[in-house]
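Only one structure is covered here, and it is reproduced in the block below.
Chain naming follows the written order as A, B, C and D, and within any one chain the residues start at number 1.
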Amino acid sequence: MLTFSTVIFVILAVVTLGAALAVVTMKNVFHAALMLVLAFFGVAGFYVLLEANFFAAAQVLVYIGAISILIIFAVMLTRGVTMARPNNEQSGAVATASAVLFVLIVVLVGPWKINFPGFAPLNLPARAFGAPPEFKMAVQAVSPDALQRLGRALVDQYMVAFLLAGVLLLLAMIGAVWVARERKLVEIVKERREMAAEEAAAAVPPAPAAEAVATTDAHH
Amino acid sequence: MRTDFAFVGVLLVAAFLLMGAALVAASLLRPKKPNKDKAATYECGMETVGDAWVQFRVQYYLFALVFVLFDVGGVLLFPIALAFNQLPAWTVLVISLFALTLLSSLLYAWRKGVLEWD
Amino acid sequence: MNSINGLPLAPFLVVAAGLFVIGLYGALARKNAIAVLMGVELMLNAVNLNLIAFWRYVAPNSSAGLAFAAFVFIVAAAEAAVGLALIISVYRNLRSVDPEKLDQMKM
Amino acid sequence: MDNILEVLKFINNLMAFVFDEIGKFITGLLGKGPGTELVLMILAAIGLITFGAVTMMALTWFERKIVARIQDRIGPNQAGPFGLMLPLADGVKMLTKEDITPANADRWVYLIAPIMIAAFAMTSLAVIPFAPRVAGVNLDIGAFFYIAIGSGSTIAILMAGWGSNNKYSLLGAFRTVAQLVGYEVPMLLNVLPVIMLSGSMSLFDIIAKQTDAPGGFGLPFILFLPVSALVFLISGIAEVGRSPFDLMEAESEIVAGFHVEYSGMKFALFMMGEYVNAAVVSIMFSTFFLGGFAGPIFIPPYVWFLAKAFSIFFIFMWLRGTLPRVRVDQLVNLNWKFFVPLSIINIIVVMVMSKLFVTFPAQPGLFVVSPLVYMAIMLVSGLGLLGLALTLASRSARRERLAIAQEAAEHRVANQAFATAQTGK
């Protein structure tokens, strides 16, 4: 019989993959970002189907509530929202290569093993290949304290990785702030002077140093 | 009282549909006499110049950045908080170290003047 | 029992593969650096979906899959933060977000 | 005596009983099966959404009345007794008002944004515990779900700002997100101690931990976590954008923020989202820190629930009626330079304290104490931390004020010197 989960799975798959396709084809970057949010939401739905409730909520919090915000802010900070030609010259080749890769992966996974219970049209390949109708693997139930175990493992088994994650966030903060910070004109001038002085000290003939200063200034 | 997410999905879809229905109902009831001036962008009576694509300051991005990093760091603490009662005492040290790393990233941003709004 | 809620593992993997491939296309073919980053985010999501699916079907009693997925979240956030900061910085200097125009380092 | 107890028990469980009976009736009508389950879920969803809409109407009336009283006015008194019909009149007005879509708007984005805000607010109602066994759903990650779903409306705010294609809207949306979304961080960080103490993210378990149930403390968490409670309350007010943190609709600065281009029903949906979010924040505060529907003396749980939620909302109104709107830099500083560091230190203090002192011998800890002593220790350490933080903050604020005053004095001296030089010439 046709189960609810199967229907929901198909809907989620269509929404997620459709939104993902829109992300990579839309001309308007802002719309692409919104489609990205939809794709993230679809993935959260898959997490629910996979009984990873915490990760579904974390997906909403991290990806939809945080990372998409960051992306949309970046879209706003850089002009050129609509692109005349959204994709570059190699897009055709890339599309072919991606499609080939997809087919390869799917062959590896084995679509003939997909047997949607009670969803006959999708089971045609399974019959055509005459393969065993079901994936032979026993699935255990998730223990109700899976999340507690994760918490314990994070500070015990994966302690180093956990601490490194904190350090990674610190480094991300330092790097991003250093790169994106708006520097005051005084600071920039001071930096340029120091740079020029260093170069003048390093180079014996003074001409290249002056040239270097001229080129760096030309960028602003 | 159920314990699964199915209800959340149903509620989300129902809320979207009902809110949409409210808009549809309003569109049937309300008058519709559009004219050019009504549909113009409202900017205190001035004619708008260009579209809304004004350039924003990087400051906004930096605030979002600090927010994102703390949000993500906080998510990692939830399973640990859940298991906290069963954890041995020395793990407090590990968690504190993580929390202090987060705090030091905030202090870095603070010192670099990211948190000043002017 | 070889499925949860009547769903076997393979469909999840196929969807994840599709998501990954679409993300790959986006990362390689887009002319806007932010759109490239969106492609990368899609790929990370595909990987996470795979991790969670394998955790659920193969080892639901081990927390390795979940821990890995949690760290992918962290890495994705850090990557997005730094990547977008770089794009903004490049845009401020060159007035462009087209990755092909970033050829200052070419000799 | 037994009869009275039976009656009291019945009144206590009235809500659960009524919903059970409705469920049984519909199951009897349709037979058992997944289809019936779905029908029940849809009915529950419609019930919750109705609750949200009614709450919004009640709160708009309540707010006007309270703020009017604070400002020595009478408030609504024309439509119906005590102006109680005013929300209905508002609804009719919103429904029949002409709805203008700006010509330059990005139509779909513009249309979906208000629906999305209201729908996400409604979805956060799913986990609210109304009474024992009465909730949309008892998620095992309820507390985290509430935090997560609250972040969904951020994207809708950006959509509204962008879809309107209006500089004020866009700027308003960006300012809102950059300033107010940060308050999600202290909220998240201050739910963590609650989860640590209760050992569960299910909201029912959190409430049970604050009652006399086996394993419970018998005391509300606000006594254990005073710092968390305070920071959660204030950042909750900020996160839903209520006064005095209502910078997003600061009329004097950016017209009306991100929803300046919205009118009619779409505007009503924004308001609905705002009020439902405010209601959910007050309910969540009462669940996390005041024991939710559980109470010390015998009053039915749903009455406790409403009483606590409305008292918290009354505090919102009180602040709105008395405090002026904060400045942008104050808003940002309060969050990032005070709340977030304080929350992180608070988490560490709570962790150390709950490893030093435990109430159950089964938990790893140094001293086993009774819940009351544990509460006293936590309260003292929390208040000490709060006092320390406030002292530091006020000291640095004084230093800043003095520096500004000194700078101003120097300017004044320079100006006077300049003026005398001018007149002397």
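The rule we apply is simple: a contact is a pair of C-beta atoms (placed from the backbone, for glycine too) under 8 Å apart; a residue touches a chain by one contact, two chains touch by 3 or more.
Quantities reported herein were computed from a predicted structural model and do not represent experimental measurements.
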| item | value |
| --- | --- |
| B-C compared against A-B, more contacting pairs | A-B |
| Distance between the centres, which are taken as Cα means, of subunit B and subunit A, whole angstrom | 18 |
| Subunit B-subunit D separation of Cα centroids, rounded to whole Å | 14 |
| Cα-centroid distance, subunit A relative to subunit C, in whole angstrom | 3 |
| Residues within subunit D bordering two or more other chains | 38, 139-140, 144-145, 151, 162, 170, 174, 177, 181, 184 |
| Multi-chain contact residues (two or more partners), subunit A | 4, 53-54, 58, 61-62, 65-67, 69-70, 73-74, 76-77, 147, 149-150, 152, 154, 165, 169, 172-173, 176-177, 180 |
| Numbers and ranges of subunit C residues touching at least 2 other chains | 70, 73-74, 77-78, 80-81, 84-85, 88 |
| Pairwise chain contacts under the document criterion | A-B, A-C, A-D, B-C, B-D |
| Footprint of subunit A on subunit D - complex, ascending | 34, 38, 109, 139-141, 144-145, 147-152, 154-155, 158-159, 162, 170, 174, 177, 181, 184 |
| Contact set on subunit B toward subunit D in their complex | 1-8, 10-12, 14-16, 18-20, 22-23, 25-27, 29-34, 36, 38-44, 48, 51-52, 54, 56, 59-60, 63-64, 66-67, 70-71, 74-75, 77-78, 81-82, 84-89, 92, 95-96, 99-100, 102-103, 106, 109-110, 115-118 |
| In the complex, subunit B residues that touch subunit C | 58, 61, 65, 68-69, 71-73, 75-76, 79 |
| Touch list for subunit D against partner subunit B, complex | 38, 41-42, 44-46, 48-49, 94-104, 111, 114-116, 118-120, 122-123, 125-126, 133-140, 144-145, 151, 162, 164-171, 174-175, 177-179, 181-182, 184-185, 188-189, 192-193, 195-196, 199-201, 255, 260-261, 264-266, 268-269, 328-329, 331-333, 336-337, 340-341, 344-345, 347-348, 351-352, 354-355, 363-366 |
| Subunit C to subunit B touching residues, read off their complex | 70, 73-74, 77-78, 80-81, 84-85, 88, 92 |
